[in-house]
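Pasting the structures in now, so scroll down.
After this come two complexes, each holding subunit A, first together with subunit B and then together with subunit C.
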Partner chain A sequence: MDSQTCSVKALHDRLGQMLNDGVLTHPRCRQRATEIFDLVHDVSQGRGGHGHMDSILDLAQILADEGFTPVCRDLGEHVTSFVGQHREEFLSHIRTHTCPTGRCPMLTPAPCQMACPAGIDIPSYVTLVGQGKYEEAISIIRRDNPFPWICGLVCTHPCEFMCVRGRMDKPISIMDLKGFAAERAMSARSYKNPEPFPANGRKVCVIGAGPGGLTAAYYLALRGYGVTVIESLPVAGGMMMVGIPRYRLPREVIDREVAMIEALGVEIRLNTRLGRDVTIDSLRSEGFEAFLLAIGAHGSYKLMLPGEDDFKGVIPAVSFLRKVSLGDHRRPGSRVAVVGGGNVAIDAARTCLRLGCDEVSILYRRSHDQMPAHHEEVVEAEEEGVRFSFLTIPKQIRGEDGRVTGIVCVRAELSQPDESGRRRPVPVEGSEHVIGVDVIIPAIGQEVQNKGLEPLEEVGWTRRNTIRVNTVTMQTDQEGVFAVGDAVTGPATVVEAIAGGKKAAYAIHRHFEGIAQPTLPRVPVRRGRLEHFDVPASLKTDLDRPMMDRLSNERRRITFQQVHLGLSEHQAHEESKRCLRCDICIRCGKCVEICRDKMGIEALQLGYMDFDNPGPTDLRITAERCIACGACATNCPTGAMEMNERDGYRELCLCGTVLNRLQLEYCEACGAVLGPARYHDFIFKRLQDISPASNGRRLCLECARHQSGGQHAEINPPPR
Partner chain B sequence: MTFRQGQKVEIFQPSTDESWEKYMGGFIGLHGIITDPDASKNDPDALIEVSLDEKGTHRLPQDCLRIIE
Partner chain C sequence: MSKYYLFQDQKKCIGCMACVAACKSRQNLPRGPFPSLVVTVGPRLVSNLPRTAYTFMPCFHCENPWCVAACPTGAMQPRTEDGVVTVNPDLCVGCKTCISACPWGAPQWNPETGKAVKCDYCYDRVEAGLKPACVTVCPTECLYFGTPDEIPEVRRERYARARAQEL
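Right after this comes the complex of A and B.
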């Protein structure tokens, strides 16, 4: 069975087929098979409990033993062997309420959750934020990510790129909602750790207190392991602390979330460098049985220009940001040139402005639209006064009296696209010029520094100078040694490091327990199926992604105060109402097809359902066209589309979005519910050629039939 | 070829890069969105982050990807 086939669904369909085809002729056998089918159906719907597996196997054994017919016996034996063979997948469905293949419609994670490297159950926490249940929201997030506040401020939010709402207008502000919930929960002192398992007496050493290492420490501590984190810096947090400037991520946020991890008993030894203060051997002698390397990528690539090593004032971006983060707020110089076009270059330039530098320029060899830095960061840097010099290639660093005085550059033009489609910068002859600066900050990439790891001889390295691991388990080539974070991926994102830390924690636990390691990446686990809000379609459509307040530009230039000031409570609640709840609606499109193809009405315009070719979406059009027949709701495999009657109205809702609401009419003869006028008209329009029964009266089918029968002298209908 | 954040891509072939793992063969033919390209210097050799439709977010070598829009 391949990774795309769900064993639960396969057994479910096979049993269903056999029952439908009538091949199980013996009544007792048929009854047993039906009971097994019901149990498997429960598992595929997320209703399976701890006893379901045993009950399925018991019934299958009985079926085989009774052997009323050869088919019954074969079926019993097949179920027994099949469930045994796919035991882990069945148990996973029962325990996690998640179908790894997405074949069980009720158990399919939403696209945003699938996109999150850490696998956070986003629809659930977005819903909880909308309900004002911030503590519960944080509890759900921390089951997959111990840093909701940090990620609520600096995550690269791949979830928002996959957000289905983005195919309709703009994606949900998932990251901002997470930050909002964390801030509220922390402020209300309701941000709590879960209860850890009792200590199991085993010790794990994590080298590096960055996001990957601390995440692993958190999940290992919850499982009862004794975890010690070795950190060479005087602060915990790794690149989150010394690579991301404070105006994006305040230190207090990191300190508070790290403190939550320490509260679980994790020991963090600061100012302790591997290879200088401790060695692998000394750590082994302390009783550590497994190691997790989370050393980050704190080295900088050099510009390799003449003069780079000759003058004071050339400061690699990573070193510069580290110094500033650790409290050195002295102005590096007056006129600064940052070389590079990535996020680190932008961070360095914006930091220089805040330190009081008079002029800060970013020199980038390509054009504006080729800058690898995130667009929003570039815009904010421009707002603050960072100057950009595009198509500028540095050639040489000049200096006098041991200090930098300028950088020699040439202008460039972009070439015609090469075979790979890339336009390369070509120097323009005679365009050499000098830019007068007293500080140059190279920001052209980072590398892993492997000092201190030499004793781990079996740990393999890639040609990119990163640690080689199996990315499913984060295990290195050396038994009992795991690695995560930038040391594995090269400079990457906080959330990827967190995801790696979580994977490594599971793998380290399996390593200790002697359990086989997984061969495929873990699928995110659904943490619940929460009730949705009822929101009118017009409101759902009209609500816009909120604009977050920002610090004034004047203050941004002179302080390290947080630039993004967070959502208000009202904004957060409104934003959560925009969520389409893709954990419930799996966008199979059956509702659209049935309405269009079977009913011929075309009342559902849900173009967002197609990932590759999204069409127009108009949630409001349904109210204009829908007859409230309920065909869509009846055929919805997940219960996302619902048809309900209340207070004299019939309502059609998609995950709580009220698409249509029509007043009910009643039979003029017997008072039975007829449905809305539109539905009634639709039915009678179709029937009028067969029997003009009602003569303009609103009658139910039974009364219409009765009246029609009365018009025929030869028929004597029974009295009503 | 270098990629930009937000571009829609297809995994159209296995990579020859050492970072290509066996399970990634199951991704061939899937579509996704570039969520974190190399944000330092547009290095065509860097591993970049791709969110695949319904199949999670993975860091992959660039030679297995092609832009589909």
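Right after this comes the complex of A and C.
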């Protein structure tokens, strides 16, 4: 995966090498070293328990103390200091079953899980969805993300960009499967909270009921903390509620998932603004010992154009979306220009259409390909009738009688790529033109509003006017004060806020317990290694990413009904069958190499395994060429490639994909399994030169030996 | 053909399997593989008495070994210096073709390493001036190891003695 070294693997290899080389001459010393090796091996295989670290250190100490030979003593001391130095990494292997460097094959996480900011164990829940176990799928997701339904609808799904299946054809619909599982579990009333720890009597105050704050509240509540969330708006959900329009994320979805968190005893005080209704001091006197700032980025950047403040009709996108979300469905005007190219611009434009604006256009200074907005949303906006005006730079806002009447723009051209490779828009001289509009919605960025935080004097701010934190622990410069979400990252995604909230909850717990904070970034946790299910190679290849039903365009343009109508159960099950289970197969390519270079058979064409230069993949070719020798399965470091014999056939499976199935032949003497005919043909062809005729009877190893043993036996010795 | 010969005097063999155990332990093998094996034949009635024969079955180290021809990776090779057929674990990928090709069942499967193992006449011991492990541990001294001209002619002598007594 990358060139980082894993200290567990390094110690494992070193011990293995020493035992192999025979430098440990003293038998007892060798015995101890073998025991240490076995323990380190357990850790590197994901079988390590809580006692492993102590046992390794104890044994190393004994090895050093006994000191039978200088080599033994040195080894003992080396292990003690090495494990001490890399304690965090060893513990992380034991706790998370994950080796982020990919050096420990059994612990190499799937690329999708690594790409997920929240580190959800994606292959496991995708498999559970395929088995129809929605409740279990949800409980696995909620161990890393308390909002599976919300994220199943609006996540930016970076996982799908890393999906290995995408190198073969199209990525798995990871996000839609999550949304599907959450919907089904909620509908079946099997969407449940885990059992929280008993209350520990300590109180934490979270400021801001957005995804970051509520995630921290959820994990802290599970740990037994008393959590109160202060929210200035009359609704909980933060930007999910007042930033994301209802046609993408229905309010009920947020309400239901927030209610799940409230059910854990989290108190949410709405309409309570820090600095107005409560202060840090008043909260301290209520008994709160730690604070989590999750105030979001609800301020808007201004266009900085002449006329911006002079006329009515200039509405920043964030305020506009908030107003609409809170129920004001009056149309802002008839002709709208949205300035910006991000997701917020698209949301604002599509919302305007739904409010009845006659003409909505998005003005963006660069070109289509450079828009930061999600491609899918741009397409949907185009479908609904939003107009795009690319390479257009606003210059001035014009108005009459206090109202906006138009926006003066110039056209631009893209420059040649500069040193950073970016092409900048350069205004074209004399291209000034006026676009007649009565509403202008700037959507060019958001900023953190720090009002109310003044009493937290020690909290440091970055140059971008966000709260400065240690990104591993989300701790601010002030003791006992943590911060997450857009307030830290600047405007970002729901899932990034959730990731921060989880980190903060973990760090706040450590803060209370007085445990040292981690120094390495959090590693995603593998929640298990679920059995795969069998899918024939042809089906695995043929299945296509499902097309989700959408609301008709006519209705989309006039209502706030959800556009994406969700997957059907059949679609979801089929989709989960497409998953390549990269939590099991780490795509080391050993199987392909052995089959091609060593055996000379070339039955495995798995081009997707090469990350940098993906080649063609054909899962069906294996059945044509494979002789079922099993060398690929024998050498697979993770057991992803398996060869099994059942019902008279030998089957080769890669994570459940049945690549080949050949009928078995049996020993003529004892009936033991011999192997398929194609395998024997392969051997026979190789033997042709030295043994033109086959020896006739097909016997197993045991019988052949016994037969020839009998032939050589002097059972009839000559009499004495 | 290897330049060595391993001869078993079946008359002396009591089937104690010490050779088999020594072979496994020298190669540090798990359950399953037996690079050399004592095959029990019988008991059969010989002159109305039940008789059992024990045949020691290591590898014969053939002149033109089928296992070598069958091996696609070149892991199975006769040694140039003495013709002993050995398997190189670094090259072996565990396709088991040698095992299926050998008519005597000499190459064996080591499930722990996922590679083939076989009798190599303990060539490292032989090079060090020792006998193979099986020969060393045999309590009845029924196994002889050496070049063909060093092998005692027990069978011929025994036959001659028997004939002489008849006279």
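The working rule: the second predicted complex is superposed on the first by the 587 of 720 C-alpha atoms of A that agree within 3 Å, B and C clash if a C-alpha of one lies under 4 Å from a C-alpha of the other, contacts with A are read in each partner's own complex, and residues count from 1 in each chain.
As a working rule, a residue touches a chain if its C-beta (ideal position, glycine included) is under 8 Å from a C-beta of that chain, and two chains touch if they have at least 3 such contacts.
From a predicted model like this one, the values you see are computed outputs, not experimental measurements.
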Check whether A:R366 is in contact with subunit B, with subunit C, with both or with neither, and answer first, second, both or neither. first
Contacts of A:H374 with subunit B and subunit C, given as first, second, both or neither: first
With both complexes overlaid on chain A, does A:T471 touch subunit B (first), subunit C (second), both or neither? first
Is A:M547 touching the first partner subunit B, the second partner subunit C, both, or neither of them? neither
Tell me which partner A:M304 touches in the superposition: subunit B (first), subunit C (second), both or neither. neither
Once chain A of both complexes is superposed, is A:S708 in touch with subunit B (first), subunit C (second), both, or neither? second
Quick check on the superposed pair: does A:T519 touch subunit B, subunit C, both, or neither? Answer first, second, both or neither. first
Based on the A-chain superposition described above, do subunit B and subunit C contact any of the same residues on subunit A, and if so which? none
If we count contacts the way the header does, which residues on subunit B are in touch with subunit A in the complex? 1-2, 5-6, 8, 18-19, 21, 23, 26, 31, 33, 35-47, 49, 51, 53-59, 68
Touching residues on subunit C, where the partner in the complex is subunit A: 10-11, 37, 39, 41-42, 44, 46-47, 51, 53-55, 57, 64, 66, 69-70, 72-73, 91, 93-97, 99-105, 108, 114, 158-159, 161-162, 165
Contacts from subunit A onto subunit B in the complex sit at residues 2-4, 102, 108, 111, 114-117, 119, 156, 158, 161-162, 340-344, 366, 370, 372-375, 420-422, 443-446, 462-464, 468, 470-472, 489-493, 496, 519-521, 523-524, 611-612
Looking at the complex, which residues from subunit A come into contact with subunit C? 594, 598-600, 629-631, 634-635, 674-675, 679-680, 682-683, 686-687, 689-691, 695, 701-702, 704-706, 708-710, 712-720
